[in-house]
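There are two complexes below, and they share chain A, which is joined by chain B in the first and by chain C in the second.
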Partner chain A sequence: MNAEFLALAQMAVGGGLMGMAYALVAYGFQLTYTAGKAVNFGQGELVMLGAFIGLSLTGIGLPYWAAVPGAMVAGAALGWFVERSAVRLALQQRNEGWILLTIIVGLFGVSAAENIWGRDDKPFPAPWPEGTLEFFGISVTWPELIIAAGALGIMTLVELAKRYTMPGIAVQAVSADPDSAELCGIRSKSAISLSWAVSGAAAAFAGTIIAPVTTVGPTMAAALTLKAFSVAVVAGLDSGFGLVLAGIALGSAENLSGFLLGSGWREAPGLILLILALALRPQGVFGKKIIRKV
Partner chain B sequence: MRIRFNLGLREKTAERIIRLTLFSCLAALPMLWHGEYALGLLTLMAVYGVLLIGLDATVGYLGQINLAQAALFGLGAYGAALAIQAEVPLPLALLVGIAAALIPGAALTLPALRLEGPQFALSTLSFATLTVIFLNESESITNGALGLSIIRPSLFNIVLDSTRFYWFCLMILFITWWASQLLLRSRFGLAIEALRDSPTATDALGIGALRHKALAFAWGSALAGLAGALHAINFGYLQPAAFGYDLMVILLLGVVFGGRRNQWGAFAGAAVVTMLPNLLSNRTLFSLLVTLGCLLAIASPIRTLLSRTRPSFRQTAPVAAMATALALALFASNVEEWRKGIFALFLFAAVVGLPDGIAGAVTAILRKLIHFSPDPLPVATGGMQPVKSFAGLALHASNLQKSFGGVKAVDNVTLKIGKGETHGLIGPNGSGKTTLVNLISGLYKSDSGSVEIFGVRPIPGSLMSAFSAGSARTFQNLQSFTGLTALESIMVCQQDGGISEAMGWLHTVGLEPKARLLCSEMSYGDLRFLEIARALATRPYVLMLDEPAAGMSKPDIIRLVDLVTSIKRAGITILLIEHHQDVVAELCDRVSVMDGGRLIAQGTPDQVRRDPKVIEAYLGSDDTTTQANNDSGAQPC
Partner chain C sequence: MKASRFILTVLLSTSLSSGAMAADVVKIAITGPFSGGSAPMGLSMRDGAKLAISQINKNGGITVGGTKMKIEIIERDDEGKNDRGALVAQEISSMGDISAVIGTVNTGVAIMGDKYYVEKGIVKIITPAAGSASMTQWSKAGTKDLPIFRFAAHDGIQAQMVVEQAIRLGLKKVAILHDATNYGVSGRDDLIEQIKKQGGKLKVVAIEKFAIGDKDMTGQLIKAKVSGAQAILIWGIGPELAAVAAGKEKLGFKVPMIGGWTLSMSNFIDTAGAAGNGALMPQTFIEDESIQRARPFILAYRKAYGVAKIPSPVSAAQGYDATLLLAEAIHEAGSTRPAQIKAALENLKVTVKGTIADWKKPWSKWDPQNVETHEAFRRANTVMGKVQNSRVVLANPSDKALLEGKKAR
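For the complex of A and B:
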């Protein structure tokens, strides 16, 4: 194998593993979208806040293993708060005010983070082993592997919970038809709140596994939201594990374009992909087509 | 007793007088009071005014969250700056600025056109991010992150000092305001609002959803470009980062806070976003204002509490937001550091508590205080006219098929309707009637088979094309234009003819006295009649009525039968889906019966009523009577 090809493959694999993190954030969109037909335009802010809270928890002396669940609990609370403050009213009135309101809540999150933790990027210490693993001449670092494994692990767990626990089945019933679910004694509002809380926890978890690689700072939020949107829209907002494929593809494309076109253009392919996907197949590559009813 | 002044003025006239006064005062300001800094702020306010009036076209009138306006503003600024560097005269540089925003904006509408809601917001958001990347990375053109400097050009040899430039911007704001008002109150503006409320009905009535969406977006983009050009000339220095996400949020704050669907709102918003950063630097004034905001926010839930009911989220949430802002104003060590957060809190309170913004709230108060003379209603003219005669079939659907997943909703249906015939389409619930009408009217694309309307084959799956062939329809689930009045709903559907013809159509369906009511304020039965009037106003040859009597009271049904009879007399061919047996029997020449997606019987109402297959479809055969009963509560015909 020649060196140039190997370098590109290295880029693609590294990007693909990072892409799993985007898939995890996108999974948060999917959770709330299937339950209540709304997504959090401030999801990246939840990731950022989750990472900062994790950082503070390690700062007061907790080990990483305890800081991660702590951040997830805080993330769940934030997710619930976003739903309660920004989404519920707009959904009741069947308008799209939630788009604006979730952007607004996210903006407040950024401002709070800037004032509490400062504007600068900070390193996030994690107890991962040093050094790299090598497969077929391509080296992979431990944090990258942890991102991929952690993202897949959480997504699998939530999917299993959705299928085999009562609250999970209730959420599925509400996503199929909230009114019928209410008639069967399920509280639709609680089910939707639950899905937002889980989505927030997933975002916070994503924050704590991304941050050791990327560092953590208030500016990480906006870019992450858009990347996760690209993944979710390309895969389809109701497609389950299609996200993983889209995430890997986006991560690789990003790394390759950064390498080939210059680092400023890193984010361009994802955005172009997003616009194209929206134009050509708004329901996503793996999504179902929506039928208009009159 | 509440005092109400009667000035004997019409609202429009009053608005015009106040607007002219405002602009004269603004123009006189620099002569009374000198100050470079204040003048700079006023100029910025005028520029933002133009920008926000443009943003209001999409966010307010079109009702879509547009996150690309800041980026388009940046493109306009860079376009104009580069033109000025190339020593192009100023008016031409403004045009270059407009083009620099309009062309990418128009390109964006191509993918964004079919999108709505979150998808529309997303596509504009990614466009905005791409634009900032492009401005940053194309260093050879834009000088990248280092920024671009220009020297203010003169206008036809008049040196533009800051006062003159302020007047220039003010003049452009005035023209923009006037042009926007003209444009958005015309049929074009009504069409945009109709499209916001129901894109399906907009297409089905031949108004054209995509066309108007594109034009609204183009208008907004052009104004963004114009504002950008003025901004470039005003500041003389541009940096890509200035046109990013933060500016976008501030612009949204302006439009929402000021008030959507209203040029006054855009102007008020421009004033707020220009002044707010300066307010933050004066702590006492800022605390005072936030306290005032808090008191205003708390007034409404307290009133609710006094009447011993629990205040709603809509009332309490703004209080929480304003209280947080007050806490920040009083206790934060540096308020300016919290700029974004304070913006967010204000915006939150405004979106939740003041859905119509400052302008909306002030208008509501003024309307309570002052009695304006209502606009006179025009005399009704026009109305139903006989349609031209035509040889052959009015409607010919042959072998239509449509499945949804495994369900064959319409299975090999052939339907021939002669000219001037009133054809009933009946069948139990879920038998495929509405799907058949959706196929004929072009809402759905058939899997196979064809439709011919008066000898023309419309493009399958195109509402507009079926409309052009001469059909119009109403909807089983109302598709009313909730933001328009009854009269406007008709006017937007007319291909030609003015306000008095529109009154004529309202007269035809008996809604003349309710002409100025908003659709959202009208009763269900009235809206059903309005839908028929809307369809008639397009002067169709074939009219498809999807369960017009559903949910109507008995007297309304009698009115409906009279109305359909008069439509029939005018020679319009009618396809009528209806569950009321008496209505079908009285109106229809022939009836087709559907069950399970198939046509099971056809004939005169009398023949069909006696057909054993029809009786079976409705009531089930003898041994399955019990389970078929829950199929439909309707009577067999």
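For the complex of A and C:
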């Protein structure tokens, strides 16, 4: 293998692993969208807040293993709070106010983070082994592998819970048809709240596994939300498997375009993919076209 | 009616009393990034300057024309952002009773803001911003009368030292990495110019840039690695420098990082951890208590701010010495008026004993043809530092005599 090809492969693999982080954040969009037909445009901010809360928990002496679930509980509470404060009322009134409201709550989160933790990027200590692994000449670090494994792991867990636990089945029922679900005795409001809480927990989890690679700072959220949204739209808002593929594709494309065209072009593929997907296949590459019969 | 008269009286009396106050204080503004990526430099500079001011005030203040005057500080956070820096400069220059300004970390802020001080003739000592452009902008404009002075080893000196160091290490091929800010771009140009000046012994095999906030530098580093670079000459600030160190570690690209003094920033050293070891950078000051000249300042700083380590020792020491020089100039001027202070700074009569050096007439009358007239530091004031286990130590231990002032600077 020549050096040029190896370099490209390195960039693609590194990007793909980070792309799993986008997929995980996008998964948060998907959870709330399927249940309540709304997404949190402040999802990136929840990731950031989750990372900061995790950092504070390790700061008071908790080991990483305890800080992650702690951050997830806080993330669930925040997700629930966003639904109650910004989304429920708007949806009840059948308007699109939740778009703006979730953005506002997110901005509020950024301000809060700046005031509580400061504006500086901070390193996030994690107990992963030092050093790198090599596969066919491609270097991969432990934190990168953890991101990929963690993203897949938590998505699998949530998917299993959706299929095999009562609350999960209830959420699915509400996704399919809230009115019929109500007739079967499911409180659709609670099911939707639950999906927001799980989405918040997933975001906080994402924060705690991404931060050891990227460091934690109030500005880490902005780019993440946009990229995850691209992933969610490209994949379609109802395909978990599609999210992973789209995440990997976007991460790799980003790294490769930065490498080949210059670092200023890094963000271009995400936006181009978003535009193409919206124009050519609005239901997403892996999405099902829903035909509503009146 | 009665109430409004009362308010009027109060307003009048407070304005009168503050007017009376203003007569026996010297107002000095300190500006810099006290938040954001360059905050360690801004905060250390501010705290170093405030340490000098509190020591001066404890002794009754500065003797100006026979009366002792205390120093009053006005602080402004420019957040390291160019537009915010311009606003801060406008605000301070329109206050009307400011004698001098100390500060600025980011070259872009100096470029955007300093024109307001020049318009009003307000004295400013730039420290620790090192980018060449913050002084050369005035020589390019042909400004006749300049109230801006610099107290930092400017990038011309630093680039010279970085290239010297690379040649001394016997390197042939280097890669230049820089951030996309004014600081990074002018640093890249300084490096290329110095390589030419020093006989073209180094071959630049890759030039790569990165943006503020970039976390993944593998692309740039792979290009450097593939092109066979034996060292990375780098111009950027803490968080991105740390990302480069982490990327180097990941790729197993074990070549030295040599760059501007920003490699001594705490947010590089702390974030990079072990990956930052061995990074080389020019320093005007080393936090080493065994250096007798530096010892009192280091201990006083740590005690005053309750830290075990100064976040940016160079910034702190420069802030401190710059304040001592300014206080001496105000004393020699015998006035709090900027025009007189400027004249005194250009012709200081007393040698000021600082924590970095003995400053004997550091500046002279401004000559647009020669920026060095308003630059305090020369190549000989600067040593090479090295990151070792989360601290900056002397890269070359024999330089200690130089920092003590026992060897000719």
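In this text, the second predicted complex is superposed on the first by the 291 of 294 C-alpha atoms of A that agree within 3 Å, B and C clash if a C-alpha of one lies under 4 Å from a C-alpha of the other, contacts with A are read in each partner's own complex, and residues count from 1 in each chain.
Keep this in mind: contacts are C-beta pairs under 8 Å (C-beta built on N, C-alpha and C of every residue); 3 or more make two chains touch, one makes a residue touch a chain.
On a predicted model such as this, the values are computed, not experimentally measured, just so you know.
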Could you tell me whether chain B and chain C fit or clash when both sit on chain A in the superposition?
fit
Taking the superposition on A as described, I'd like to know which of chain B and chain C A:Glu159 touches: first, second, both or neither.
neither
For the superposed three-chain arrangement, angle chain B-chain A-chain C (C-alpha centres, nearest 10 degrees) equals 100
Is A:Ala7 contacted by the first partner chain B, the second partner chain C, both or neither?
second
Taking the superposition on A as described, I'd like to know which of chain B and chain C A:Gly264 touches: first, second, both or neither.
both
Of chain C and chain B, partner touching more chain A residues
B
Considering only the touch criterion stated at the top, classify A:Leu89 as touching first (chain B), second (chain C), both, or neither.
first
Return first, second, both or neither, reflecting whether A:Leu107 touches chain B, chain C, both chains, or no partner chain.
first
According to the stated criteria, A:Leu278 is in contact with first (chain B), second (chain C), both, or neither; which is it?
first
Check whether A:Ile99 is in contact with chain B, with chain C, with both or with neither, and answer first, second, both or neither.
first
Please give the least Cα distance, whole angstrom, that chain B and chain C reach in the superposed model.
7
Following superposition on chain A, which residues of chain A contact chain B and also contact chain C?
262, 264
In the complex, the residues of chain A that touch chain C are 3-4, 7, 10-11, 14, 18, 118-121, 123, 130, 132, 139, 141, 213-215, 219, 255, 258-259, 262-264
Quick one: which bits of chain B touch chain A in the complex? Just the residue numbers, please.
63, 65, 108, 110-112, 114-115, 117-119, 121-123, 125-127, 129-130, 133, 136-137, 200, 245, 249, 252, 256, 313-314, 317, 332, 337-345, 347-348, 351-352, 404, 434, 438, 443-444, 475-477, 479, 546
Any idea which chain C residues touch chain A in the complex?
35-37, 39, 79, 180, 208-211, 213-216, 218-220, 222-223, 226, 239, 242, 249-252, 267, 270-271, 273-274
Chain B contact footprint on chain A (complex, rising order)
38-39, 41, 85-86, 88-89, 96-97, 99-101, 103-105, 107-108, 110-112, 114-115, 222, 226, 229-230, 233, 262, 264-265, 267-268, 271-272, 274-276, 278-279, 282, 291-294
